[in-house]
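What follows is a short report on a single structure.
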Amino acid sequence: MEPRNENWKARCEAGFFTQDVMGTLGVSIAELVPGRIVLEMPFNAAFTQHHGFLHAGTVTTVLDSACGFAAFTLMPEDREVLTVEFKSNFLSPAKGSVFRFEGEVVKSGRTLSVTRGTAFADGVAISTMQATMMAVAL
Amino acid sequence: MEPRNENWKARCEAGFFTQDVMGTLGVSIAELVPGRIVLEMPFNAAFTQHHGFLHAGTVTTVLDSACGFAAFTLMPEDREVLTVEFKSNFLSPAKGSVFRFEGEVVKSGRTLSVTRGTAFADGVAISTMQATMMAVAL
Amino acid sequence: MEPRNENWKARCEAGFFTQDVMGTLGVSIAELVPGRIVLEMPFNAAFTQHHGFLHAGTVTTVLDSACGFAAFTLMPEDREVLTVEFKSNFLSPAKGSVFRFEGEVVKSGRTLSVTRGTAFADGVAISTMQATMMAVAL
Amino acid sequence: MEPRNENWKARCEAGFFTQDVMGTLGVSIAELVPGRIVLEMPFNAAFTQHHGFLHAGTVTTVLDSACGFAAFTLMPEDREVLTVEFKSNFLSPAKGSVFRFEGEVVKSGRTLSVTRGTAFADGVAISTMQATMMAVAL
């Protein structure tokens, strides 16, 4: 996929760390190419549900950012990205020590982008997301 | 809607606080009746996105718990609830000082329950969720 | 909700019957007010699944049109509506002789509208939809 | 993926044609392997929306069957499959003469299966679905 501005990578990296929740959760960028981003996060007991696994909402928080930043890699310089909606299925318990979140663009339109995300716990797929992102003027 | 065990309320209140993420986010129970729960959470900058509003994933975390506990109010004594999937639309920026999350049961089946959730920021609807919950043996 | 052009009703009625699939399925408009439409359809064995009930996709076809036309009641004169995405949960078998489909607007934005639909079979709720519609220039 | 009964293929083929809507729409099976099915359908003006393209609901009807039968390929002999819910994004107009629908299993659980479907019009991706299927006793 083709980026629409030459500073796409620096913009994504800078933008990522303006989301305070990413720092709070300890999320880092593991991979970043046009149309695709991979995020990582260590287990953190502060964000768990009643079995001591990561809460579905915590997994979704990082997956949503993965999908949003995947879409953002393909935005022109005067646009940012907002989440319109997302849908997640939960496949296995979010049980593990290292979590990986892959986000990628299925279709990058002028106004709307369709994205897909998958979360893994120690290599096991735990959640899959289908999300719509909207380009809005800065 | 009819609870299927007489301790439903105590079970929900106890269960709620075993989700560590609820304490981390500062969520409290504002209302609890069979088939419906209302949660509240104050604004917290640690869980924000790039505009300083609550991150869509943070909103979703609490909405998911609202939907799950709404379903849980109607479970028999030997069952707990897991999230199968959810879908959220985002209606307005999550901008405010007090957030309210309403979860209610649309249909409570033997295995699956369909639930709906709505989040409000200072009274304004910001997100709406449709979620499937599954009863699993304790 | 406030229509944004005075011919909204005539436009909706005319537009509805340009969807050939509505005639094929035998769908009629039972109610039409700004922000809300109710459609009806008799049982038709040609559109059934393996138990002889209406196929989930048939139910979804009419619900999608109900949500789309609900959004369309609030569009300015130079806009039409396209479906961005929808999500449906199935609550009970689509078993009955008369089917009713209610579509209503949750939020009508300038570009995107969030809508909700519910389908009934002889008065029993069988499916619930959450859908995003997009205003596009004619 | 491993089928759980040796007659899986004959069962799928037989089951497919008990869905009357598949005959009505003119759908045929183009490919069938464990965990995956491909369906095809010619353009039919009776199932179109206001631009003369296939209605989103028609596309969804066939995608839902593709996802359901993909799940069904992996079911034990005493189980059939019901749709719990699905979510579809629409990527491009459903404009073309031959439509192709791919359904595949993401995870086949004992009770629930998560599936994914993609629809193509003359080779162009037009819709993507994420669906949950439930195994129920025959």
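We call the chains A, B, C and D, going by the order they appear; numbering starts again at 1 in every chain.
Everything that follows uses one rule, which is that a contact is a pair of C-beta atoms (placed from the backbone, for glycine too) under 8 Å apart; a residue touches a chain by one contact, two chains touch by 3 or more.
Model, not experiment: these values are computed from the prediction.
Counting every residue number used by either copy at the subunit A-subunit D contact, over half are found in both chains. Two chain pairs, B-C and C-D, are weighed by contacting C-beta pairs, with C-D ahead. Centre-to-centre separation of subunit B and subunit D, using mean CA positions: 32 Å.
Mean C-alpha positions place subunit B and subunit C at a centre distance of 28 Å. The mean-CA centres of subunit C and subunit D are about 22 angstrom from one another, to the nearest whole unit. In subunit B, the residues that reach two or more other chains under the touch definition are 84-85, 87, 89, 132.
Judged by the touch criterion defined above, the protein chains are all mutually in contact, each touching every other. On the subunit D side of its complex with subunit B, the touching residues are 84-85, 87, 111-112, 132, 134. Listing the residues of subunit A that touch subunit D in their complex gives 87, 89, 91-92, 106-107, 114, 116, 125, 128, 130, 132.
Only residues 15, 18-21, 24, 45-50, 52, 55-58, 60-65, 80, 82-90 of subunit B touch subunit A when the two sit together in their complex.
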